[in-house]
Amino acid sequence: MESMMGLINLEHEHDFLNELTYFRCGAAVPFAGRYRLIDFTLSNMVRSNVQDIAIFTRNKYRSLMDHLGTGADWELDRRHGGLFILPPDWNDPTDISKGDLSHFHNNRDYFNRGKSNYVIVSGSQYLSNADYSDAFDYHLERGADVTLVTTRVDELGPEHDPCLRINQDDQGWVSDITNERSNPHVFTGVYIIKKSLMLDLVDECIAHHKDHFFIHGVKENLEKLNIQTFEQTGYSAFINSIESFYRHNMNLLNPENYRELFYQNAFIKTKISNEPPTKYQDISEVKDSLLANGCEINGEVENSVLFRGVVVKPGAKVINSVIMQRCTIEEGVHLENVILDKDVTVTEGQTFIGSHEKPFVVAKRTVMS
Amino acid sequence: MSKKECVGMLLAGGEGKRLGLLTKDLAKPAVPFGGKYRIIDFTLSNCANSGIHTVGVLTQYSPLDLNKHIGIGKPWDLDRQADGVSILSPYTAKEGGSWYSGTADAIYQNIHFIDRYDPEYILVISGDHIYQMNYQKLLKYHKEQEADATISVMEVPWDEASRFGILNTTDDLRIYEFDEKPAKPKNNLASMGIYIFNWKSLRSYLMEDAKNPTSSHDFGKDIIPAMVDDERRLFAYQFEGYWKDVGTVQSYWEANMDLLEMDEMVSLNNREWRTYSHDSNYPPQYINGNTNITNSYINSGCWIRGTVDRSILFENVEVDSKSTVRQSILHPRVKVGENSVIERAIIKEDTVVPPNSYICTPEGEEPYVIDNENVGIVTVK
Amino acid sequence: MSKKECVGMLLAGGEGKRLGLLTKDLAKPAVPFGGKYRIIDFTLSNCANSGIHTVGVLTQYSPLDLNKHIGIGKPWDLDRQADGVSILSPYTAKEGGSWYSGTADAIYQNIHFIDRYDPEYILVISGDHIYQMNYQKLLKYHKEQEADATISVMEVPWDEASRFGILNTTDDLRIYEFDEKPAKPKNNLASMGIYIFNWKSLRSYLMEDAKNPTSSHDFGKDIIPAMVDDERRLFAYQFEGYWKDVGTVQSYWEANMDLLEMDEMVSLNNREWRTYSHDSNYPPQYINGNTNITNSYINSGCWIRGTVDRSILFENVEVDSKSTVRQSILHPRVKVGENSVIERAIIKEDTVVPPNSYICTPEGEEPYVIDNENVGIVTVK
Amino acid sequence: MESMMGLINLEHEHDFLNELTYFRCGAAVPFAGRYRLIDFTLSNMVRSNVQDIAIFTRNKYRSLMDHLGTGADWELDRRHGGLFILPPDWNDPTDISKGDLSHFHNNRDYFNRGKSNYVIVSGSQYLSNADYSDAFDYHLERGADVTLVTTRVDELGPEHDPCLRINQDDQGWVSDITNERSNPHVFTGVYIIKKSLMLDLVDECIAHHKDHFFIHGVKENLEKLNIQTFEQTGYSAFINSIESFYRHNMNLLNPENYRELFYQNAFIKTKISNEPPTKYQDISEVKDSLLANGCEINGEVENSVLFRGVVVKPGAKVINSVIMQRCTIEEGVHLENVILDKDVTVTEGQTFIGSHEKPFVVAKRTVMS
């Protein structure tokens, strides 16, 4: 019974979301009413029977720690295995590793202790609702060294620009990994690799003063390695800019996307927060919107995503907006094409309007008056 | 096992016959309530919020769903190895086993469990009441009175007093008489079925009571009267706030409606006194098209295209377009087809209400309880 | 509730009469074993190590200590909200309740619990066997044989075969007959009481069996023979390794001694196959003065001043100076006063052996089981 | 019902234990056969009904995270409250706080969220087996602003040199906090303070560019504050050097000290490790020693402390030594006055001898051949 360990590598994810990543890393950014970006990767791994998951992180991971807690909400609070947040903390004067390789190097113990022989690696910016067991079975069946999870994109957008593209021979073996922007066969950043091979490649990279495991350890060794791909279907999203963040929140207001992302497989798990059901008051008017629990709605909400505990007071209007946890929209406010981070208060009578392409973004805990 | 000051014993064994269809395969405390809770969540949350971390839950009747719901007690932070929540079902010992024959007997049969924690005090509560109460205040009062037992009471209107167990007290609230449903009440302080006992004292009464073949082994009928007879120090503790025994379909429906109307009395949104329950991780509710939702609680995973007014919708309920739900309670995963009307009804989980249905409880009648078996029969349109 | 491939059902209801004093107030699976474990830890650890994460433990007789020991299943990583370990005691339903009347009946009464996980396979195991086994291998074999049921067996010496339930098989290990304690055994493959069933198939046999008033509702006596009669695909899975049913005081003592002698067969120190249990956080053992300890297992919190040889000492045992303990098993918190001799005896927890005691089981007799009540009687010196 | 939150402040604990703190912070150093230093403070807090505990840490806290896991072994794996390891991770450009004050400043959320009105603060170097409920009751009863937990030391040693000393008036109010080395009334580093007062003092310190909360916030405000002491009795130890570390391990071989530290109150809790009982083989000879579980003893052990999983092979001799987890002492080895860190192997026939004052210390994972 072969199994996989999980690795969520945040090392190369820069703080791409402006105001939303001032105080937190990208993986901890709220999404779709009740989630954080990392929930999708975590849930997919847990569902694929991955029982040890390590997170390589460097900066602003406090809110990530807060969100993940003991891991209980993903059933990862285990005595053996479970969830490990691994910030950089090394003190070996002989260590010459750089970039994400120093994470691999300094956390060798984590890999050695785990009982699984395979590792599934992912970032947090690719969102889908998937079970990677199929990809794993395929990896074993094909006898590949590495299996890249890929997706075919019908409409390439700016969010795909940073993604690597894949060319294959007719046996499915990867012949090239490129940056060619017109290639619709996109690498999702998720891949499966044998643990021992990974550790060997890590050593090799460190010996050659490299700093990026996938680029230098896998991509540059394309000749030596047998690499397969496993294509994923279903709704998915790359979130790597405010623009893609906003657009994909709005996309979920299309019922088909909503069903595909949330109801296709098991549910995406997130931190449980004990909010009561959402309360609709005397004069609420809600249209085509997603609302998490704990909201209190007394105004007008249209085409918007409301996170937990948002209060919309009488006479307020929220249109085409993403309103995060515990924001308060006071009487007579008008919001359109706006993203409010957590705990923002918009005081009585204010109006804020952004555009579809450039939504108006407000940082955490601001009082807009 | 380390000593605990106070152990909670939660009586959750009742069959709840008067709840009819609602308790067909379900223990009464496991009946869904308030849009995302089950009835027992209120008492369990009271325990968690009051710092009562050792709780025995006495079950007997159809406990499977209840056991599954309580599980290891995670939502209430009662998933602890040494104390936390323990589900106590009947068992056999060397001298054979027996079912719990009354509330006092249920505690009697679990004396070993309680003794393990060597407590000073025992809190006895029921799993079928809706209220928010800090048991620490009750305990503090009990200690201050140097009581043997303290019973939580509330004032009820004089003309309803004869429906309750009434405690007759002196001015300083010392109890001198217990009157079960008195024809001519002398007082309007009704017992809420919430007791604190000194364990040593209760233990000896339980031992005596168990030997008595004519006893019904009930706290209200046997233990309390015996203590009163012996002139033990029994005190009433006056609770002010919302409290409701959801013993009938009517009172179950009313208590749910109270959540919508009496926000200031029993609030689900009180951050200082959270009511905890499971969360099945349904995605956010989806409000589709031009809906009209007023005065309602709606939980995650719902999909609303119709009109909802003064209603409570549990997780993953769907209300299709041109349908109206009023003054009703829709349990998890109920689907209401289009062009239907539901008024003053309780729809049980997983029920599929076909399109063009008309389920309205006539004025003055007890709200209908609908499941997949009777949905076709009740529908009139 | 999500689907599980295989659900484990652990029969832990036995009274263990032949263990005499050892099971006075204790279910057999809860009897201490191997210096820091209880008997059931071996099966629970097998489940944990085999990745069987959904386990129902069927209890009935004196389950308090067993429940406390299993608790929420933390030591075995089975403290999960959705699956993990569930303790299944008898309960009442609409049609009244009844005690488990046999191994098959115990499973029958919990069909609802199993159905909740919609499993393909059911693993049925007992809580009173000592062995280390990977149930995944058994399951894999079961699948490969496309069997309806697979029974784990081991070869026993031919001259002992008539003491066991013997499975007569064809060359490819298909079972064509089940012989309970045959006078003239045709085979030496003994059933270990470890079964895998296709749930669908077992479910229908259980339903049939429940209707049969003459059935004893036992797997070995009723279910397996019925399946054999119907020519279902039943296979034997040959286990090689250590396995022992600790059904008598003698076999309990032997199995403990085996731990000391047969390290390679049943190792507590195997990092790949840990046996998990509680840890009461006793401080390290303290070896005081000039002691002589050989061939023994000694647990935390012990305080040793005397001689210990070929013995197993549980937590917080004290052996005072000038005393000797040989071939004995000392349960938690036993205190042995100075100048005493204990040989081939089992001392129950919390027993205080006074100074100058002499507790030696004569050659050929079953080891004495000593507690505080009989310690004065047995002592001869 | 008043209660306390816990704060274990490791900010000012330098890596005082040489080889033992090359790869871990002091709080994570193993002690007494199965514990880490921090276990004593943690267990004492848990026992005193403290249900939220934060650890301020800066460096080398990986092994601390590893040791503490989800907090389950201290019953701190809670949905509400529990254990929080708070490494420095701030990104507020307006933040001017320094030293441990930046921890206080950046973790204000932790304090605000906690329901308790009081905070008990401790380091990890003072070891005792105590229930601080008495100190807390006393604090409330006396209406003090701060209550310092102190101890009277009969024989002052070098480990007390860094400790502050206390002078009081006859009402018990602290009149002076000094460094006077001959004063036997020693401050243990443990104190109780009202949360709101603490946060006020933190603000004051930051405004004045201070960097040490206790020194600048409490000690320098002695005039303004009403400070009581609560004297603790029973065996206790300050571990702040290799010398005191070694001596206090050895001290536990005195049965009285052993009983006082371990059996006086409830047990000290530590990470559960599932080792079997210790196995004594054919020819073991053990005298006056502490042994944790999982050892395999076939040689001679005298006056020593053996951690979990130590193997002593036939003919080996271990005298006056501290041998940490999973060390292997091969045939014929002779060790005297030695401290071996985890996973050290001493190969056949080797001899290593230190002195009582200068034990021979060997770092983690060394093979001594």
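Going by the order they are written in, the chains are A, B, C and D; count residues from 1 in each one.
Rule of thumb we're sticking to: contacts are C-beta pairs under 8 Å (C-beta built on N, C-alpha and C of every residue); 3 or more make two chains touch, one makes a residue touch a chain.
Since the structure is predicted, the reported quantities are computational estimates derived from the model, not experimental observations.
Asks: What chain lies farthest away from subunit D once each centre is taken as the mean of the Cα atoms?
Replies: Relative to subunit D, the chain with the farthest C-alpha centre is B.
Asks: Counting C-beta pairs in contact, does C-D beat B-D or the other way around?
Replies: When the contacts at C-D and B-D are counted, C-D has more.
Asks: With chain centres defined as C-alpha means, what is the inter-centre distance between subunit A and subunit D in Å?
Replies: Averaging C-alpha atoms per chain gives centres 39 Å apart.
Asks: Which integer distance in Å separates the CA centroid of subunit A from that of subunit C?
Replies: Roughly 46 Å separates the two chain centres.
Asks: Got the subunit D residues that touch at least 2 other chains?
Replies: Touching at least two other chains: 72, 79, 272.
Asks: Any chance you could list the residues of subunit C touching two or more other chains?
Replies: Expected reply: 74-75, 80-82.
Asks: Would you pull the subunit D residues touching subunit B in the complex into a rising list?
Replies: 1, 75, 78-81, 266
Asks: Taking the complex as given, what residues does subunit A use to touch subunit B?
Replies: Touching subunit B: residues 32-34, 72, 255, 258, 261-263, 267-270, 272-274, 276-294, 296-297, 301, 305-306 of subunit A.
Asks: So in the complex, the part of subunit D that touches subunit A is made up of which residues?
Replies: The touching residues are 22-23, 59-62, 65, 69-72, 77, 79, 82, 84-87, 89-92, 272.
Asks: Once bound in the complex, which stretches of subunit B touch subunit D?
Replies: Per the stated touch rule, the residues are 2, 51, 74-75, 77, 80-82, 136, 140.
Asks: Would you pull the subunit B residues touching subunit C in the complex into a rising list?
Replies: So the residues of subunit B touching subunit C come out as 1, 24-25, 59-64, 67-68, 71-74, 79-82, 84, 86-87, 89-94, 97, 99, 112-113, 116, 278.
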